[in-house]
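Going in written order, the chains are labelled A, B and C, and every chain counts its residues from 1.
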């Protein structure tokens, strides 16, 4: 990791602005306005965030796009969505998967954020000439979730929520886990990734142990989980990422003991 | 609760788009852009959120509009405000009550969010041809809060805040509770509803026990309190609603023991 | 502290709107739209927030601008930024310091918020005719942080983060503290102020003890720290300010015992 200074940064711009970092596309970079007003931030962005973090092999570019988009949607940050929607498509996300991500995050980040995201996405999809048949995943039988784990999960929801807010418990069991999580337009691992990202983006660590365990049950490795939080530190800020670290630690240790 | 699939959803649109769900007004529904990009979300919105949740009798439509607007204002979500301001007026909120809601939430969600909300509201009120005399509540003597409870509350603020940040304690006692909460342009129950919604929307559970108790002292029933959180789950996301559930549980149990 | 009523507020507007509160500039005030829709909020803003809070001598106007801008950037509230950027420049913030604030908060409030802030700032700087040489701080050797404290801090990061997310620990040590905090375009006290404000604005109290202690090591007095939270109550809402109070209490007491 190199140190950056404003002077160094200024020297680097002209070279970087023209650079093509492989794959036939210019590397993502902030607008000239950002470069002019905050040259140091521009340097961190091009050299550190896009020049190094996004290229780390611990997490695939498609996974990074999933969690970045999830953080933007859950945080209501529409201004950065067009760029990251395009990057996500370039990184291999299917339009139907982006559609499913927004729908999933209506539940995990609230309806208003999902509605705003859908409107931005419509513009990007239209610009790319995407058709409805590419956006709508083909019909498919819903997934069957592991019956034993589902029984445990339902019992936990009933115990914690059922007596206090019975309809909320029912929606949780019937709509979220009985319908949304069973939809095949995203894999369970993808759903877990964006759920973990949405929880981290909102600073909601209370549900993180459950969803981090679920993510690892769905195939996320320990190295990948750590890299998710490292990547998100840049998109949701260090404080929220740091607050997630003790949860990771506890979950990693508990799973080691169990295994 | 029916299960939704993308196929079913697509079939339902044309029928729903034209539907008039009673009361002489078409039911609220998302934009065609949302329908095109996220048909599944569109289906959840029209069938579940507006087709079922908003119609549940556990909470009146006017109460639902109050907490939805409070969540939008406290979350800074201006894009969804015009639609929900109009729905709120249709659900019986007076313009002076919406004005009072924004002023109240300047304190409970921060000045910037309130300022942005006021600007959006100005546009909606102008569109509806509302005049200043409808917006400004008629002058009225301030409410007298229960003296015994006020003495307890002041003592608690002094003990917790007075020694650390004396001016913050004074503003809390003199401005928030000495002035804002005594203003008659909203009933105490309405103020409690929007305060609980603002706390939930911001994921700030620390003050929730005090304000949930106050809400119930101000007339909110246990069933209504649970329905507030159930409704808000859709507008602030499941994680923040779920984090409020243990607080509800504790408050419900403590009040049962006391009663 | 006077009580406000809608009637009183209405009477006050015409006088206040023309008032020049010293210093040759009209006092900041909300738009006529805010006045029309929420006259009570307008009165609180002109009489209490700008008429009293901003003038309290416990914190300099430049410090108040720093923490207000930090709260706006970390909260993604672009709508209020132009006014507060201009006020900040008028209160003595240098363009290079505003640039440094945005860069600092990319790390403490996330990249998307910083990018949006940079774009707004570009417009304000252009309007004011500011040139690149005023925006970019002159090159300067990086600060040397206190070696003993740095050793302790690094050890704490290694212990808490290193074993779980080693790359996040490395970025924290090498980029945040090894580079960003050592940049001379903001004083350490200024960096601490905006970090504390960003943590408070995001409701992230977990890192507040460390950063409040650091702020006081960097020269913030106890009275100033309390006033920071009092001022922020208006900009981030009472709930988040109130959640910071117990942290202040603990830190103040721990430092008294140590001293």
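To be clear about the criterion, contacts are C-beta pairs under 8 Å (C-beta built on N, C-alpha and C of every residue); 3 or more make two chains touch, one makes a residue touch a chain.
Being a predicted model, the structure only gives us computed values, none of them experimental.
Colleague: Taking shared residue numbers divided by all residue numbers at the interface, is the value for subunit B and subunit C over half (same) or under half (different)?
Modeller: Counting shared over all numbers used gives less than one half: different.
Colleague: For the sequence-identical pair subunit A and subunit C, what is the superposition rotation angle on Cα atoms, to the nearest 5 degrees?
Modeller: 120
Colleague: With centres defined as the mean C-alpha position, give me the subunit B-subunit C separation in Å.
Modeller: 28
Colleague: Listing for subunit A: what residues touch at least two other chains?
Modeller: 76, 203
Colleague: Which subunit C residues qualify as touching subunit A in the complex?
Modeller: By the definition above, subunit C touches subunit A via 74, 76, 78, 99-100, 102-103, 105-116, 118-119, 121-122, 125, 132, 135-137, 139, 142, 160-161, 163-168, 170-172, 174-176, 178-179, 183, 185, 198-199, 202-204, 206-207.
Colleague: Across the complex, what residues on subunit B touch subunit A?
Modeller: 1, 3-7, 10, 30-31, 33-34, 36-41, 44-45, 48-49, 56, 58, 71-72, 75-77, 79-80, 203, 226-227, 229-230, 233-243, 245-246, 248-249, 252
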